[in-house]
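Next up is a structure, given as structure tokens.
Order of writing sets the chain letters: A, B, C, D and E. Residues in each chain are counted from 1.
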Amino acid sequence: MGYIDTKKSTKAKVTTVGNTPINVVIAPRSPSGADSESLLTTIFKSVKSLFVGMKVTIGYLVRPSTVVTQQYPENRETLKMFDRFRGQLRLIKDENNYMNCNGCNFCEIACPNGSIVITDQRNPVNEKLELERFLWRLDSCTFCNACLQACPHDALEWSDGFEAAVYDRRLLVYTLNDYAGPPVKAINRAKKKEDRVEELLATMEPRKQYGGPVPLAGRKMPGVPALETENTKDNASPKHK
Amino acid sequence: MGLITEKFPEHIEKMPGGSFMLTRMDQVMNLARSNSLWPLTFGTSCCAIEMMMATGASRHDIARFGAEVARPSPRQADLIIIAGTIVKRMAPRLRTLYEQMAEPRYVIATGACTISGGPFIYNSYTTIRGADEIIPVDVYVPGCPPRPEGLFYGLLTLQRMIKEGETVRKPGIRKKPVFSALPPDISMKEIEEQMKAVLEKDSEVDVEKTRKGLTWPTGI
Amino acid sequence: MTEKSPQDNKHPEKPAQQPSTPESSAPKPTPPPAPAKPEEQVEKPPQPPELTLKVCAAISECKPYSAASDCPTVEVIPENLVKVLTALRDNQDFAFSMLMDHTAVDRIEDGKFELVYRLYSLTTLSMLLVSTKIPRDKPIIPTVSHLWDIAEWQEREVYDLFGVLYDNHPDLRRVFLEDDWVGFPLRKDYKDDFMLTLDIDSLRE
Amino acid sequence: MLENLLTHSAFEILTLSDRAAQALAENPWEAAGYTLLALGGTGAFLSLLGMALIYVERKVAAHFQCRLGPMRVGWHGMLQSIADALKLLQKEDIIPEKADKLLFFLAPVFSIIATVLALIIIPMSPSLQVVDLNIGVIFISAVGGFGVLGILLAGWSSNNKWSLLGAMRAGAQFISYEISVTLSLLVITLLAGSLQLSEIVQSQQDGWWIWRGHIVGVVAFFVFIISSTAELNRPPFDLPEAESELTGGFHTEYSGLRFSFFFLAEFINMFIASALGATLFFGGWMPFHIGGFETFNSIMDLIPPGLWFAGKTAFIVFLMMWVRWTFPRLRVDQLMRLEWKFLLPVGFINLFAAATIVLTKLYFFPGQ
Amino acid sequence: MAVKISTLEERISVPAEGDNPLNTQEYFINMGPQHPATHGVLRLMLKLDGETVREVIPVLGYIHRGIEKIGEHQTYRQFVHLTDRCDYLSAMMNNWAVSLMVEKAMQTQLNDRIEYIRTIMAELERIQSHMLWWGVLGMDLGAFTPFLYGFRDREMITDIFEETIGCRLTMNYIQPGGLMDDIHPNFVKRVKDVIAYAKPKIDEYEELLSGNVIIQERLRNVGTITAEQATSLGVTGPVLRASGVALDLRRVAPYGAYGQVDFEVAVGSVGDCWDRYWVRVEEIRQSFRIIEQLIDNIPAGKTMLSKPAKKIILPEGSHYAQLETARGILGIYAVSDGKSENPVRIHMRSPNYHNVWSVDAMTRNARIGDLVANISSLDIVVPDIDR
């Protein structure tokens, strides 16, 4: 029942499991047999070990620079997520707010638990299938990135909104598309051919979003500085005709 | 309500300026409540690690909100952070834990599994699809698992609810600011219509049922 | 459609591998199958690995596994199971001292449960699969919990999820589910009103 | 007045009860005032002290662990304890259906009464002591035993196996460690020659017992600190409420206000143990004196005795917190072994050594 | 043959002990599912005689989600994300096990870049898992501060994960045929920073906890299982190695880049809690060694060899792959019919399920405090037991 000196008694040697030689380190044990220590030495080492432990903790107390706490609601303006952070799903839009997504269902198939529900419609002008509604269930999304991996049109991305707490579970089902209508590719193709562009654009119907990167966007919360970010602006209702 | 405040408001209100005092008292009491949320040490799976990250890790430190006093006994806890999947076998225990807690008690559901069943919605024979089928949930924090900051945001959301919430005059009746989270040009009716279309497949999450209140899933 | 398709070989990075890839512990790979139809693989009967032949030679009750497996596998009939496993554990040539895993597969098309015992030897570091088949309507098999302590719990799990009954088991009860649960969920014909299914296949066409 | 302060004769003991008795002879109204002052003062002191200690504990713990602790209620979370107290007042009060209701109700009351009783004889400064009993040391031991009764009752009446286990642990632990505490108290009693706390303080005019009593004093101090930590159920001896073993121990079933009584009593008891340690070993409110160095002593006297007392108590409180946030918990049998096989023999030997020292007057400054 | 089926109630109904009034009565007490020491939702029925534990009956199923059933309805790519939720502290190794199984079955040759990154990530995961365990062990034994220190240092590693992958805990990073993303440009620098930071911290851990005499007394000669018992109980990982069997798949059957690195396997000699404790602390050091050897020479190459849109259909037959997670050997057993994307049967040989049962053998006739130390030293993750 001696004191185990963790630094000294580490032994390294080679053993075999089966026929494979393996270098092992053997856990230190308390000295026994010939090396065993006297009772006084044991008591001295034991008491010393207590003080060594106390030295570690007091070392942190007297050095306030070791405090690593980030004060979340207060540092909200400066808090930055990593670029690849999987916060919330959103559709990539170009500068005219046209989306890349054409409603091809690949992400819906790839999604392991049905968190993405896509409904399609046929455009009356160019008679192609296009996205009618892109629903994303944040309440069941597992952030596995399978949808982004499966997307052939580079239409999805992650935003860094992690503040999504709500009082009502129903608010966690988001409509990601601002409008139902042709993707940017179809519009560009029509523009190139100069073929019924105006008509095509007129088929876009706005889709009201009730979710978004921050459900409480722009609202004031006690103790929380109001947040005005790019996300909130993105989330404003669409400007299409 | 507690020992003192049971008969309190009736006597106060008769006094001159009593209603002003009561309002002030509400503010002070709710402030105290919202800043002293002692969580129950309850976690079932992955979200519990991130919850420990929030409560335990020095980087995030839930102690700043006065909520690091994690109580192992439900009698002394104010807040239950459901972290992780709830399965059929656990559901009655969760219910018991909730019933053992003293009023006022609050519930935060973190993570996809707790809110809706998450990755285990389909083809699972045990997973409860949403902890709100077992106990009433005040705040939902989505994520799988949510970041500690996300959990703090949920805590702040809960604090806001508490501060607007219960009054001394009507103990036990809590105002829940649900609709304040909606953007101005959208009505709840529109949401419900859209939701129904989506959730038709998922018969367990019935919008009508959720509104009426607590229901027990079949088979428990 | 298999992964090992010709376009994979076009990658310039596709290197001549060092010997220490994951396959080093695996049995020697057969030549890459033709990419088009997986049925072609089945047509080639794989040569039983060396260990299988050795075991079959030493213990007469075993015979090589008939279906495809990536691990040395022997097949026994349920009556000989305890005898074979005891022999495998106690035979100094093999010394399968660990029961790594035990589980069942529901072969509903044959009307059988296939029970799989995965043995691991700490002296030869080799792995052996012992497979036995029992009828689905009378799923009774003798226990091996007296050979390995862990078998008691593994068998309990299999009972819980498949309803395989273990004769002479010291304490056969459910592990994961409540004692009054009806049915055995991992059986293919398990029905549960609570369970939802996601009809993804209809989207895949 | 000032010259009075600069000499030792300034330290006249004037307890609140004495003042009340004096006043009763002269003016009964004044006596009533003193009684009220003593009662109300003790109550207010109790809760304020408890809350302050809880706040300090949380902050100190946080900084031991590289974090900040309460930050959002008041400046650096100063009002955190008040928020907690207000919340606990509002909590629903649950009495389990199968509990022994009378005992369940009485247990926290016993706990807090024991604490108040122990608090009143602590000499905080020459003029701030409620009662000065001539058997002070014994009184403290006796009242401490009363406190553990509350814990035992709580565990028994809750009708919960974990609570009962915790209570039994608490009982065994308290009875064992009480011996060691008493033995180390007896050492000082021997050295000082009195059981009265104010006299023990006065006897340290020429130096505190921790260094006047050299080896004996130091050993007694360490025995006292270890065993009083164990009596207080604080980590590393918090077996009765070991979170990871017994969920909450004896107070598992308590909620709201009743739980806060236990919570408060625990922290006040910590203060009492520290104050007792300060009184016995560090001279209580007595400034740091070295026998014979009158100039030095009079400089030391410039600091008011109340501050001396507060500083010494704070030091021991900090020591206990430091230990708490560093060490893991012992096992039940190890706890008992530590007491019966180690601390008890050491305590006895130390007591005999103390007796020898008193007889041979081997301590420092014996003559004065 | 009539097979007797018992229930939990029958199991815990003890007949009253004889007529001798001196006999103390043994009683059952329920520990969990909500109990601070049971790491989530493990429930233990303890047969107690005073403070002495006579028998421990683990009762499982409080987080049984039927992952194996769900897996029968999912593709292999989708199943990877479910394994994250089993042993979430070695999520990356779980992903790797599925990927390894698929790659073995498809005979996919991976390039060195993928293998190196996988190995580094797995070792980082092992370190963070052991750091968390170290903290939790401290907390279970009553020292709260190590918990905070362990989490503080673990946070540095989750930062690395978050930068490269975007998630902190359930990552879904290692995919069949490669990796989800390439590593972030800052990755190498950040890993080096963490190694430089964390190495001295391990010594501090030793000072604070390992060297502390109370910890040594709490752990030494507590919960001893011999090598024979351990093999019969089927325990793997640090628990088995603490009993003196140096079975480490990274060494005896190297996968990934483990064949190219030099490291030592930590083993114990007695098989008590102290050995298990020390083996894990030493494994943190060895993992640092492995990372240091690999981090500077990650070769160039592609990080995804198969197109995500491509279907994975395994050849008919049974497939198995196993690897060493932070808790022991994880095996993935899949039976494919050769026609569909979904497996006919997928089974996880979970290390925790095999480890947890040894708690009974360890704790017979010990104290409740020892039970807590035993559970803690087993380092169980309950969702992986129940699956």
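Definition applied: a residue touches a chain if its C-beta (ideal position, glycine included) is under 8 Å from a C-beta of that chain, and two chains touch if they have at least 3 such contacts.
The structure displayed is predicted, hence computed values, not measured ones.
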{"item": "Shared chain contacts [chain B and chain D, defined touch]", "value": "A, E"}
{"item": "Shortest walk length in steps over touching chains, chain B through to chain C", "value": "1"}
{"item": "Relative to chain B, chain with the most remote C-alpha centre", "value": "C"}
{"item": "Remotest chain, chain A as reference, centres from CA atoms", "value": "D"}
{"item": "Chain pair showing more contacts of the two, B-E and A-C", "value": "B-E"}
{"item": "Rounded Å distance, chain A centre to chain D centre (Cα mean)", "value": "50"}
{"item": "Distance between the centres, which are taken as Cα means, of chain B and chain A, whole angstrom", "value": "23"}
{"item": "Whole-Å gap between the CA centroids of chain C and chain D", "value": "66"}
{"item": "Numbers and ranges of chain D residues touching at least 2 other chains", "value": "64-68, 71-72, 243, 247, 325-327"}
{"item": "Chain A residues counted as touching two or more neighbouring chains", "value": "17-18, 20, 50, 53, 56-57, 67-69, 71, 112-114, 142-143, 223"}
{"item": "Junction residues of chain B, two or more chains touched", "value": "58-59, 61, 64, 72, 89, 119-126, 144, 147, 201"}
{"item": "Pairs of chains in contact (touch as defined earlier), listed by label", "value": "A-B, A-C, A-D, A-E, B-C, B-D, B-E, C-E, D-E"}
{"item": "For the chain D and chain E complex, residues of the former touching the latter", "value": "61, 64-67, 161-162, 165, 169, 235-236, 238-239, 242-247, 325-334"}
{"item": "In the complex, chain E residues that touch chain B", "value": "33-36, 40-41, 61-67, 69-70, 72-73, 81-82, 84-85, 88-89, 132, 135, 147-148, 151-152, 154-155, 158, 168-170, 382-383"}
{"item": "Residue numbers on chain E that touch chain C, as the complex places them", "value": "1, 3-11, 60-61, 64, 66, 68-69, 73, 100, 102-113, 115, 176-177, 229, 231-234, 245, 247, 252-260, 300-302, 305-306, 310-313, 315-322, 329, 331, 333, 335, 338-339, 344-345, 347, 349, 353-354, 357, 361, 386"}
{"item": "Touch list for chain B against partner chain C, complex", "value": "88-89, 121-126, 129, 201-204, 217-219"}
{"item": "Of all residues in chain A, those that touch chain B in their complex", "value": "67-73, 79, 112-114, 117, 135, 137-143, 162-173, 175, 208-210, 212, 215-217, 219, 221-224, 237"}
